[in-house]
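Before anything else, here is the set of structures, which you'll find just below.
Each of the next two complexes has chain A plus one other chain: chain B in the first, chain C in the second.
Let's turn to the complex of A and B:
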């Protein structure tokens, strides 16, 4: 459901990660107004080598198609970063990308 | 199997079982504090999430946001801090429910988060960070919104 675009780059031991997720992020009120279903990502987790490096519990008040950026020390070139999102219905989506 | 090797395997599997478990437990703030996500006012939401411990105003958490947001549907926010925090939460008074996002900071993690939020009207945005020793740090900024987001 939710598509993801991930970019991860390592420089001097710090990995800079950018990620974009497609989601309407529509909470109750907004969904009512636009006559759509309530649909938002409630959780985003990023892992490198199985270790959690980023996690956030979100609500419908994040902007549409959330774009996040963060830095972490937990990875190096060639490692894989794995994103998992959970939406309000409990559906999960996973995507992997190599760190450049 | 060698006794030494056997022990090694045992510890590895044990770690593999325990590690995701602890991660899961720390993760889902929505399941753990459902009331905080329903609160209307920042003050109430903070109380629900972190308890009624005193908040300490601090300039060690840096909140970067535009003073005037033209489009309330997408306001870029940046949180930076060098403090050793356990979790960081963002609240605002503009929307029907106050709590917007809670970050769980992994041990030794760098706190430098960029993301975007929606705001319906001009309001105060509050950041609360919980240190690993339990101290609550807070900082805030008022953001002017000319066109409301949230479908408004």
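Let's turn to the complex of A and C:
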């Protein structure tokens, strides 16, 4: 399961979000080479108050423990931002963080 | 704490050579005996016995020769035995001088200052003063050491993947040396940050701030203290820092800690063939490792086919291409290109990028003069004068003017 680190900060109506996900991001090719299990995050979705503010399809092209950053106007201090990742086996993981 | 016990001599041999001089004046000659009577009370006088001086049979920890000094101490270095008559050894360091110098901390906490800081405070400080070089969450990627990562989590067999184990479990990547996978002791993290970071202004953090940043970095490395996860409110202090057991605590061999350290190292090197690979020390007529019997020829590899058909052809001329004076470029811009562009051309380094109107509006909110001062004294990831000490304050002001002018709305 992918562990994540989230940081979200609001300033003048803009929320700056940074998040990092623990994953080897090993696609089939890389996994065969390294003799490990295929293991990568397929999709990352971020929601604030239930509304999607960020969504991205990912794969082995991203480095191990990928880091993403984005800005959104869809939230304010005190709101919760919720990230959900889906891995190559369809397993999901969710984590929440208060916007500061 | 500096402890000059006999055992540490072998490990810190070179440091010892100089400190020994300072503390015992071991270069003494037998004529130095009555210096004691006339010297000022804090002068360093030479001991009266001349050390016996011979090469001992026992090897140094790394297999080299050892030399015996007085009172049974041996060292890996030969001392100069010339008469030291008339040589001044200076005066003893005062307690205050020693205090200022003696700042390290032992893993048991000896030497750690009081103080406290939370993960959350550390997060703020890290973001402001460290992320520009070490990356968000310590993940690296900016050309400076990575402080987290390396998947120091447990693998499917429940083995913590530390540096020692990273290769064993089928990975082909080079091991990543981070705090969580490589560092054996967390107290070192505290002293290292306090004494050496941020890179451009070391020693600028207070003890509380250092505890906070240490807490943040430990938390980012997924370290638990006493089984407790380090959440944002977690406050780190001396007592808790001592309890940290980093995943790679036992990943080092031979064990150099404690009184048996030197003997462990000696035993390790004594079995070179097993522990390091076959071979004997060799400075001339060296045979390849298979040639310890003295029969095999030296295995020196030479380039067989020299490459010569390269374009442009190899040359030993070291001139730079002639400089063409570009009259359209101002002096300020030239200085900018040389000393600042590296970081300020794009926002990648965390610096306000030249041409980014909004970024510079934010910067200038604190007033032009303050901004110039910041450029001169440095701030966060910005080294003083961009790291170019040769620039005068006026130069820096000119450059900042250029940067500001180039980052204005064009009409």
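Everything that follows uses one rule, which is that the second predicted complex is superposed on the first by the 100 of 100 C-alpha atoms of A that agree within 3 Å, B and C clash if a C-alpha of one lies under 4 Å from a C-alpha of the other, contacts with A are read in each partner's own complex, and residues count from 1 in each chain.
FYI, a contact is a pair of C-beta atoms (placed from the backbone, for glycine too) under 8 Å apart; a residue touches a chain by one contact, two chains touch by 3 or more.
Because the structure is predicted, anything quoted here is derived from the model rather than measured.
Q: Overlaying on chain A: chain B and chain C, fit or clash?
A: Superposition result for chain B and chain C: fit.
Q: Roughly what angle, nearest 10 degrees, sits at the C-alpha centre of chain A between those of chain B and chain C?
A: Approximately 110 degrees at the chain A centre.
Q: State whether chain B or chain C is in contact with more residues of chain A in the superposed arrangement.
A: After superposition, B is the partner touching more of chain A.
Q: Does chain B (first) or chain C (second) touch A:71, or do both, or does neither?
A: Only chain B is touched by A:71; chain C is not.
Q: Who does A:7 touch here: chain B (first), chain C (second), both, or neither?
A: A:7: touches chain C, not chain B.
Q: Have a look at where A:45 lands relative to chain B and chain C in the superposition and call it first, second, both or neither.
A: After superposing on A, A:45 lies in contact with chain B but is clear of chain C.
Q: Using the superposition on chain A described above, determine whether A:33 touches chain B (first), chain C (second), both, or neither.
A: A:33 contacts both chain B and chain C.
Q: Once chain A of both complexes is superposed, is A:58 in touch with chain B (first), chain C (second), both, or neither?
A: first
Q: Please work out whether A:20 is in contact with chain B alone, chain C alone, both, or neither, and reply first, second, both or neither.
A: A:20: touches chain C, not chain B.
Q: Compute the least Cα distance separating chain B from chain C in the superposition and give it as a whole number of Å.
A: For chain B and chain C in the superposition, the minimum C-alpha gap reads 7 Å.
Q: Which chain A residues contact chain B in one complex and chain C in the other?
A: Of chain A, residues 33-34, 63-64, 67, 69 contact chain B in one complex and chain C in the other.
Q: Spell out the residues on chain A that touch chain B in their complex, using ranges where they run on.
A: It is residues 14, 25-30, 33-34, 42-43, 45, 50-59, 61-64, 66-74 of chain A that touch chain B.
Q: Please give the residue numbers of chain A that touch chain C in the complex, ascending.
A: Those residues of chain A that touch chain C are 3, 5, 7, 18, 20, 22, 24, 33-36, 63-65, 67, 69.
Q: Please output the residues of chain B touching chain A within their complex, sorted ascending.
A: Residue positions touching the partner: 19, 23, 26-30, 37, 73-75, 92, 95-97, 99-104, 106, 108-110, 112-119, 149-152.
Q: For chain C, which residues are in contact with chain A within the complex?
A: 123, 135-137, 139, 141, 149, 151, 153, 169-173, 220, 222
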